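Both complexes below contain chain A, partnered by chain B and then by chain C.
Let's look at the complex of A and B:
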């Protein structure tokens, strides 16, 4: 089974006053057919930039993919020309943006916005494109699709607009959909509906999805695999259940502890992660999380940790798992001895 | 929609009446009168006769009522300076030339301005942008009475490409149209650049890009319509200004338009012409503003006209 998408050692930087912001610093992951990969991380960790980089949409002239390879079904995308990339966008990779209130053109009819993708990629005539667009509107659960076709975005609610955005992304049956925080701007009941819709469509069409989010609830609900991003690198990745049950990176542990759980006694307090992520103008040489990590050792601040594999797919980048590090059990017992 | 139109029409009539009244009052507040020069050379009785001929001997309020009565019947009265011509005929004979000139320069200003603005925005902060904006600043700051003679010197005299100093056909209108268009073109270019840069940053432009559309399609199908609103605001008054003629350009190119009456009538205290041109200009302006307001609605579907009833 070949992977739908393979990203290897991706680096993206932005020029800014006084230097270069290294937004993505060597990210590698793969997406298998019909699978959902969630990329999780806090604001500014580079997840959206990664998504844009896959589509070759890093904003020039300030932003630049410095290094790395993006392969869609074995085909290298990072060296494609503008025209060839346009053939991929919208046809093979569909994109869903965060805020449906702003991601649709306010001065263009909803129908036209869907139909133009079909006209561009499937070379449909206007009339056929219209019919197909109405079908798509119906498929994403919009009542009276023919009437909605003629309407403008401001005449629709947020949830409805996100359904339209999904219809656009799905229009040409892409192999991969990248959803950049598709539910963040929606209220909770609508969030659930949109996630259910994405799940349904994925099941019927077998599309792979990259779900970018900072909401672990969303991850638990829809994702098969997850990658935890921090300060431009992936610190831990693997199957969702394995990571939720047995997180290996202190940052992942911190994230999971800071989310309320139903099986947790309500009087127990949530544990926030102290501090803030490092400045990506001058990222630390070592593990970017070292400054906030409770278990940081001297080596953490100086050298970037290597990946440690815990199962076929589960891996984390942390010095604690290095052969040479003290085992946690030893530390705990050492602490006990001191206290006695 | 119809209710809105009706309301708007009513307020347009009232506005026009207010403008005519104000102009009437201000005009009579200016010291001097149409026969100030003659009064020094001619006998008292002759001047008195002339004043009677134009009803200037009557009390102001009577003159006002008489003028308004004429205005309702679209009679703008006789010109004092241009013998045996009434103002309506003056405008009728001069307006076509001014309007042709104005419309042509509006088209030049719009197409050129939008193109220049889009190019500048596409190459934001790069050489093309700086070049376009340098040209725009030049266009805004060089007045037409410098640009027009330059155009004549090179295009008409030196290279003999286009004829000037007459009004005998289309080719005579090219240079004056260009001279008239450069200023507005530059302003439009700057407007378009600013709003286009803003539009390029919008999420829906990313959506359009992620659809795999070509840059041309993204700019002209998705961008322009959103970026054009501030330009439409500017086009309203610009249109009125351009088609009612301009003193400088019409004078330099010897075009028989109505631009000169706006200026000369004030020097001559030619009361009916002052009033006539003011009322005419205001009427054109009010109508254009009305049209732009309706245009907004077509460009941006989010805009609803007040009491539109839709």
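Let's look at the complex of A and C:
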């Protein structure tokens, strides 16, 4: 089957006072039908910018997609005009943003906001749009959908609002949903409900999802594939289970080790990643993680490592996997001992 | 000498919101914190955990009830005694951006408490500031810089140094790592653990990340709509949660590894009620899968149903 979305060598920069921020520096990935890809990374790693670039939402004059291609079902999006892009957004790609407080229009009825999408993209008549909108509200688990249709966003709780945003994203049966930290602003009990809802909808409709998150728990919960971003680069990507079991990039390892597991005894220390991410005004020439990496070699600071494949889908960019770098295991175990 | 440092007794903190209505942010809470322990406090937003923490250190005056520190009632302490208690109890805030005065240099921020309590002057004061900066993993030269020159994790370290400056024995850490990136969280948690071991600090650690709270805390209290629902030793609480709300909370935790996805059993509950108009009886009754008739009428009492395991629920009465 063909991929729903293919992103190739995407570069995005922003102009700022200090110069140019290279937010995304050559990102490539693909999303298959019915699959959830999680893009994981810390603040400033470029994960949200990647999502915005896919949607054609990097705003000139400050921001610019410098290079790269984004193909939705084989159709190149990066050369589309404003009108055509608007048709893609909403109809073919649904969007869910982090903050359900600000992504709804506070002056419009909830129902009207959903119906608007249906009228615009599916050319439904007002009455049909209303019926479909109420159906959608019911589908995302909102009780008394007909009454809610007439209400305004401020009358709903945060979890309810996020359900409404999901209903809007789903309105036109898009092939792909991009969810940017959809549960970060919500409480854990509500987070679990929203993630379960997304899982259910995906199973019944076969929609592909790109889930952008900083939370490895969310990744473990919903994703099939994951891509780990650091300083504008995907340092490792592959099937979720494979990466959780066998991370190949020191940064991925560090992330997995720095969150406590439930079965972790309190006597055991957490292993933090020392230092802080690099400045993207002048990103390092080599591996961006080299300065914080326990296993960094001389080459790491100077040249960007190439991708090494570990299985059909699992790959990481790290010099440790270069065939000239011997004794990877020894280096790793020596590094581990330092912490204990 | 008893080993109890902080004793909270039937503490209430109500806010008036006009028309004679009140929000009961903290409602009839009693518990104690032992010397040298870390008590974790979890709950959803609006459950009153931050208000509880701030009322305990005396930042907010309680509506009723009492807090005593090392045997002294906060409400009756005056003069020198009051100052001494204020010195002993310190806060670390969630947001490292807004909790530091942007117009003061880091050295001045840290020295404020030292001056206010007359702990050191002149060269000795500067010396202390430098030591504190080193203690929290920063450089003494950083004293000359302003808060905006630091990253979130570094600012949180400054906040910790400020709290430590007056040599407290009890620290309320209100979501100290929630605003930080994953890789930085572990740095700050390890720092807090080291400082505790070094200076026999007692912590009240407020957070919503259950795995982190379990890792850090000796005991954990679970709050819901202003009330304490359950309080137990950490391992005990996770192994054997008694209150239906705690069971729900634990069941909603994200799995730690994708392979556990199939095994998990989620308890699904509805939306939380508004704190302005809370349910009668037990506050959790509207969402509780095991609610009974009595739960709607009166609130359950706070009791120790097993050794060191407190719960407020009619299932155990």
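Definition applied: the second predicted complex is superposed on the first by the 326 of 340 C-alpha atoms of A that agree within 3 Å, B and C clash if a C-alpha of one lies under 4 Å from a C-alpha of the other, contacts with A are read in each partner's own complex, and residues count from 1 in each chain.
Here is the rule we use: a residue touches a chain if its C-beta (ideal position, glycine included) is under 8 Å from a C-beta of that chain, and two chains touch if they have at least 3 such contacts.
Keep in mind that what you see is a predicted model, and the values were worked out from it rather than measured.
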| item | value |
| --- | --- |
| Chain A as common anchor, with chain B and chain C clashing or fitting | fit |
| First, second, both or neither for A:91, with chain B first and chain C second | first |
| Partner chain(s) touched by A:236 [first = chain B, second = chain C, both, neither] | neither |
| Partner chain(s) touched by A:196 [first = chain B, second = chain C, both, neither] | second |
| Partner chain in contact with A:43 - chain B first, chain C second, else both or neither | second |
| Chain B versus chain C as contact partner of A:244, first or second or both or neither | second |
| First, second, both or neither for A:175, with chain B first and chain C second | neither |
| Partner chain(s) touched by A:35 [first = chain B, second = chain C, both, neither] | neither |
| Partner chain in contact with A:152 - chain B first, chain C second, else both or neither | first |
| Chain C versus chain B, contacts on chain A by residue | C |
| Overlay on shared chain A, then closest C-alpha pair between chain B and chain C (Å) | 9 |
| In the complex with chain C, residue positions of chain A that touch it | 42-43, 157, 159-160, 187-193, 195-196, 214-221, 223, 240-241, 244-245, 254-255, 257-262, 264, 266, 269-274, 276 |
| Contact footprint of chain A on chain B as seen in their complex | 126, 202-204, 206-215, 217, 221-222, 225-226, 299-302 |
| Partner chain A, residues of chain C touching it in the complex | 44-45, 151, 153-154, 181-187, 189-190, 193, 208, 210-212, 214-216, 234, 238, 248-249, 251-261, 266, 268-269, 271-272 |
| Touching residues on chain A, where the partner in the complex is chain B | 55, 57, 61, 82, 85-91, 94-95, 97-99, 102-108, 116-117, 120-121, 152, 154, 165, 168 |
